[in-house]
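What follows is a pair of complexes built around chain A, which joins chain B in one and chain C in the other.
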Partner chain A sequence: MHFYQDPQFGNRMLTLMAAFVLVLQIAMVGQRWLITNIRIFGAQSFLLAGIANTIAYFNHAPHLYIAAFLTLALKAVLLPLLLERMVKKIDIGQEIAPLINVPLSLLVSGGLTTVGYAVAESFHRPEEATSPASLGHNTLAVAISLFLIGFYMMISRRKAFMQVLALLCLENGLFLAAISLTYGMPLIVELGIFFDLLVAVMVLGILVYRIQETFDSMDVSRLSRLRG
Partner chain B sequence: MSGMVLFVILAIPLAAGALSFAARKRPAMEAINVTAFAILFLFTVALAVEVLRMGSVSVWYGFLYADSLSALVVVLTAFVALVCSIYAIGYFRHDERHQVFEEDVLGSVTIAKLRKYYTLTPLFVFAMLMVALANNLGVMWVAIEATTLTTVFLITFYGRATSLEAAWKYAMIGGVGLSLALFGTILTYYSAYPVVGTDSVAGLNWSVLVKNASQFDKASMRIAFILILLGYGTKAGIAPMHTWKPDAYSEAPVPVAAMLAAAVLNCALYGLIRFNVLAAKCLGPQFGSQLLIFFGLLSIGVAVPFVLIQRSFRRLLAYSSIDHCGIMILGLGFGGAFGALGMLLHMTFHSVTKPLLFFCAGNIQQHLKTDLFRRANGGLIYSMPVSGSMFLMGTLAVTGTAPFSIFQSEFTILRAAFERALFVPATLCVALLGAIFTGFLVHIAKLVLGADPGLPPAAVCRWKKYPLMGLGTLIVILGFWLPSPVFHLIQNAARIASGEP
Partner chain C sequence: MSDLVVPALIQFLLFVLIAPLITGVVRTMKARLQIRRGPAVWQPYRDLLKLLRKGMVIPDTASWLFSATPYVVFLTAAMVALMIPMVVTVAPLSLFGGVLAVVYLLALGRFFMALGGLDAGTPFGGLGSSREMTISAIAEPAMMLAIFTVAVSANSTNLTEMAQFAVSQNWRFLAPSQILAFGALFIVLIAETGRIPVDNPATHLELTMIHEAMILEYSGPYLALIEWGASLKQLVLMTLLVNTFFPFGLSRDWTALGVTIGMGFYLLKVLLLCCFIVLVETTNAKMRLFRVPELLAVAFILGALALISTFFF
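Let's turn to the complex of A and B:
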C-alpha cells in the first residue's frame, strides 16, 4: 500500500497541519505588527485549505474540495490582499498596542488551548471509527482553541482593525470545527457563509475607515460617548 | 403551484432594492418602496391563507419551507416593513427640509443618502424574510447574519460620530454573537449526523431534523443549545448581551430603529424557537426551559433600572424592547400549551405596538430637535395633539395595561407559569413589569402632559400622521377583537413552537 492511501498517514498529516495552525494563532497573539498579523492569518487559512483537502481525500467527501478551494481563494489570498491594501491606505500606525502585554497574553493563550483540549475530549467518540471526529480528534481541539483565542484577541486589542482580524480568526476556528466534526456544513450553507464573510469584511472595512476618518484614531476605547 | 408564493415573496424586495438603486429621484424611490411592501404584504397574507389551508408549503425540494410559524413571522415582517416605509416618506422629507443631512461629517449628498436607505431597506427585509422561509438551519444563520450586514450602514445613516460608535458596537457584538450561533448550528449538525447522515442539500433541514430529534447525540446538543441561545439571544438583545441595543436604536433613523425593534427581534426569536423545539425533543423540555426562564427574567430585570433613570426617550424604547424580548423568552421557557401561545401572541401585538411608539418618538424628536427628557418642558399635547396622545396611549398599550392586547398576552404567559407551579419566576416577572410600567409611564406622562410651554404647533405632514392614526386604531381594535384566522394561525404556530406534531 502506498503511503498516500494509508489513512494513518492522513491522520498524521492532519495532526501536523492542525498543530501548525495553532502555532500560527499563538504567534499572532505574540505579534506586534499589523501587516505580519495579516500575513499570519493568510498562512493559517492556507493550512486550513490543506486540512480540508486532506479530509476530503481520505474520507471521500468531494464537496469539501469546493470549500477548500474557496478557503484558499478567499481567506488565504483575497482577504489578506484587501486587508493589507486597507492598512496601507488608511496609514494607521503599524503597532497594535494591546491592552494586555504580550507575555501574559501568551500565557492566557496557552491556558485557552488546554481548555480547548478538555472540551474537545467530550466530543470524542472512539467507538465510531468512521466518524470524521475520530480521524481529526486533535483537529477539533485546535478548532476550539482557535475560537477561544479569537475571543481573547477580540477583547484584548484596542484597534478596530485588529478586532476585525480577531473575528476572522474566530471564523477560521469555526471552519476547522465544521470540517473536523462533520466534513463541513452542507455545501449551500458553506457557500452562504463564505459570501457573508466577504461582505462582512467589506462592511467592517468601510466602517473602520470611517471611524479612522472621524476620530483620527482606531482606538475603540474612544468609542464611549453613548451611555445609559 | 402554491410554492410559487414563496418565490414571489422573496423576489419582491430584491426587485424593489434593485429598482430603488437605479432610481434618480426621491419620489420614485418612495413610490417603489411603498408599492413593493404593499404588494409584499398582500402576498404574505396569501401565504398565510395557504398555510392555514394546507398546513405547510415548500418549494425547491424543501429548500424554502413555510409552516404556520414561518408564515406568522413573515406576515409580521411585511406588516412592519409596510408601515415603516409609509412613515419613512414623511420622516425623511422632514429631515431633508431641515437640513439634517448636512451634519454628516463626511458630507455626502442628500440623494445619495436617501438612495442608501431605500436600497438597503428592501435588502434588509429580504434577509428577514429569508430567515423565516429557509428550511435549512445553516441558511437561516446566513440570513440572520445578512440582516446584521444590511443594517450596519442604515445605523450610520446620519454619519455622526455617535452613530459610527453605535454601528461599530452593533456589528462587533452582533458578529461575535452570531459566530456563537454558527458554532451551535455546527454542533447541532454534528449531533444529528449519526441519525440523518450528511447530505449536501437537505442536511440541516429543520423539517427533517425535527422528525429525528429524539435520537440526536445529547451531549453535543446540550452545548449546541446553549451556544444558540447566547448567539441568537445576542441578536434578539437579551441581557447581558443587550448593550448594542440602546445605542443602535437611538442612533438609527426612526424607521430603521422601528424595524430593528419590531421585526429583527421576531426573526432572532424565530431562530431560537426552531432550535428550542429540537432541543426539547432531544433533551426533554426541562433543560431549555430553565435557561430560558433565567435569561428572560435577567433581561426584564436589567431593563428596570435603565427605564427608571432614563434620560432619552429613544433609549427608553430600546430598554422597553429588551424587556419585551425577556417576556417572550420567558413565555417560551414556561412552555406548555399556554407558554408558546402567549409568546407568539405577544410577538404579534408587540410588532403592531412598537412601531407606533417609535413613530411618535420620531415625530417628537423632529419637533423638539432632541431626544432628551430634560430639554423638553412637558406639555407636548398642546403643540402635537396627535403624536402626544398617541405616545401616551402607546405607552399604556406597550406596558401591558388592561384593555390593550399586550395585557392579554402577558396574562397568557403568566398563566403558563402558574400551570407549571412556577410561582417565584411569575411573581418576579409581575413585580419587574410593574416597576417598568411605573417608570415608563411617569417619563412619558411628564413629556406629554403638564402646562403648555408655549411651543408653536408642530407642522406634522400627513405621511407622519396617518401611520400613527392607523396603528393607533389597529391597537385599540386588537384589544377587543382578534380576527379568528389570525388567532388560528397563531395557535397553529404555537403548536409547532411547543413541539407538538
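Let's turn to the complex of A and C:
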C-alpha cells in the first residue's frame, strides 16, 4: 500500500493542517494590522480547502471536492481581495484598536482553545479508532476553538471591519466542524452557505462604509451614542 | 574513564570551534540576501583573534562582577553544550534534571550578563540589562513549555533519553504538538539570540539595542569571551531545536563512522535553520520594544497549546 492510500497518513496530514489553522487563528488575534489579518484569513481558508480535499480523498466523498474548490475560490481568493479593496477604498486606519490588549487576548484565546479541546474530548470514541469516521477527530477540537476565538474576536475588537473578519473566521470554524464530523453537509446546503456568506460580506461592507460615512470612524462603540 | 572524557572533549571542541562559523554564515547569508557582499564567513574568527590580542579598559566603578561575567557567560554556554546531544544521541554530560539544568544554566549566564551590564555603571548598561530581563521573563516560560512538550511525549527530562526516543519515532515531527512546540521554541531562539524582530545584532543605536547595550563597556579579551559565549549559546539553542524536532542522522553511539555521518547531517540541519532565520530577519522589521512581549506571548501560548494537545490527544 502506498503511503498516499494509507488512512493513517491522511489522519496525520489532517491533524497537521488543523494545527496550522489553529496557529493562524492565534496569529490573527496577535496581529495589529488589518491587511495582515485579511491575508492570514486567506491563508487559513486555503488550508481549510486543503483539509476538505484530504477528507474527500481519503473518505471517497466526491462532493467535498466541490466544497473545497468553493472554499478556495471564494474564501481564499475572492473575499480577501474584496476586503482588501474595501480597506484601501475607505482608507481606514491600519491599526485594529482592540478593546483588550494583545497579550491578554492571546491568553484568553489559549484558554478558549483548552475549552475547545475539553469539549471535543467528550466526542472522542477510542473504540472506534479504526473506523474511517475517526479520521481527524483532532480537527473537531480545532473547529470548536476556531468558533470560540471567532466569537471572542468579535466582541473584543472595536472596528466594525474586524467584526466582519471575525464572522468569517467563525464560519471557517463551522465549516471545519461540518466536514470533520459528517464529511460535509449536502451540497445544496453548502452552496447556500457560501452564497449567504458572500452576500453577508457585501452587505456588511456597505454597512461598514455607512458607519464610516456617518460617524467618521469605524468604532462600533460610537453606535450606542444617540444623535439627534 | 576515557570513553567519558573523549566524547566530551570532541563535542566541546566541535561546539566551540563551529560556533563563530555559524555566526559568520548567518551574517554572510543575510548580506547576500540584501545584495551586499558582506564579510567572509570566517570574519568572526578574525574578530575574536584580534580582540584576544588587545588590551582592556575596565571602568573604575566596576567590581569583581564585571570581570567574572565574561567567564560565567562563556562557561555556562560551554557546559550546556556538553549536556545536549549534538551528533550522537548520547550527551557527554548529564546533570540533575537534564533539560531543567540546561534552561537554568542559560538563565545563569543571562543573569550574570545583566549584572555585568549594570556593574559598569553607565546608563546604557542598565538600560540593556533591564530590557534583557523583561524579554527573558517571558521567553523563559515559553521555552520551558515547549521543551516540556517534548519531554512529556518522551517520558523523561533527560536529554539523552529524549533524543533516543525521538530517533526511534520516524514521523513524529508531523504531530501538531511538535509543530506548535517548534514554533514556540523558534520564537524563543530569535529572542534569546537577539535577532531582528526582537533585537538588531548589527546596531549600536541607543534607542534599540539590547544585547549590545549590556556589553558596551567590555573590551579586549573580555569582549572576545562574551562574543564567543554568545555565538556558542546561539549554536546550543539551534542544536536543541534541530535535534529535538528533526532528529535525522543522529548517530546512536560514538563510532568514527557514526560521528562523521552525524556531523554531515548536523551541519546540513543547522545550515537549513540558518537559512530560515536569515529569511525571517530579512523580511521583518525590528519591533518596537513594547511590542516584543506580544511576540513572546504568542510563543508562550503556542507552547501552552502544544502541551495541552499532547495531553488531550
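Simple rule for what comes next: the second predicted complex is superposed on the first by the 216 of 228 C-alpha atoms of A that agree within 3 Å, B and C clash if a C-alpha of one lies under 4 Å from a C-alpha of the other, contacts with A are read in each partner's own complex, and residues count from 1 in each chain.
Methods note: contacts are C-beta pairs under 8 Å (C-beta built on N, C-alpha and C of every residue); 3 or more make two chains touch, one makes a residue touch a chain.
Everything quoted here is computed from the prediction, not taken from an experiment.
Participant: Given the superposition on chain A, are chain B and chain C in a clash or a fit?
Facilitator: When both complexes are placed onto chain A, chain B and chain C end up side by side without any clash.
Participant: After superposition on the shared chain, which partner residues are touched by A:Gln212: those of chain B (first), chain C (second), both, or neither?
Facilitator: After superposition on chain A, A:Gln212 lies in contact with neither partner.
Participant: How wide is the angle at the Cα centre of chain A, looking out to the Cα centres of chain B and chain C, in steps of 10 degrees?
Facilitator: Taking chain A as the apex, chain B and chain C sit 150 degrees apart.
Participant: Looking at A:Thr71, would you say it contacts chain B, chain C, both, or neither? Reply first, second, both or neither.
Facilitator: neither
Participant: Touch check for A:Val23: first (chain B), second (chain C), both, or neither?
Facilitator: A:Val23: touches chain C, not chain B.
Participant: Considering only touches as defined above, state whether A:Leu204 meets chain B (first), chain C (second), both or neither.
Facilitator: First partner only.
Participant: Which partner reaches more residues of chain A, chain B or chain C?
Facilitator: Per-residue touch count on chain A favours B.
Participant: Just the number, please: smallest Cα separation between chain B and chain C in the overlaid arrangement, in Å.
Facilitator: 20
Participant: Report, in rising order, the residues of chain A that make contact with chain B in one complex and with chain C in the other.
Facilitator: No residue of chain A touches both chain B and chain C.
Participant: For the complex, give me every residue of chain C touching chain A.
Facilitator: Residues 171, 174-176, 179-180, 183, 293-295, 297-298, 300-302, 304-305, 308-309, 312-313 of chain C touch chain A in their complex.
Participant: Note which residues of chain B are touching chain A in the complex, please.
Facilitator: Those in contact with chain A are residues 63, 105-106, 136, 138-139, 141-142, 145-146, 149, 152-153, 156, 159, 161-162, 164-169, 171-172, 175-176, 179, 182-183, 185-187, 189-190, 193-194, 198-204, 219-220, 246-247, 250-251, 306, 309-312, 315.
Participant: Can you name the residues of chain A that touch chain C in the complex?
Facilitator: Listed in rising order, the residues are 12-13, 15-16, 18-20, 22-23, 26-27, 30, 102-103, 106-107, 109-110, 113-114, 117-118, 120-121, 124, 137-138, 141.
Participant: Going by the contact rule set out above, which residues of chain A touch chain B in the complex?
Facilitator: Result: residues 61, 63, 122-123, 128, 131, 133, 147, 151, 154, 160, 163, 167, 170-171, 174, 177-178, 181-183, 185-189, 192-193, 195-196, 199-200, 203-204, 206-207, 210-211, 213-215, 220, 223-226, 228 of chain A touch chain B.
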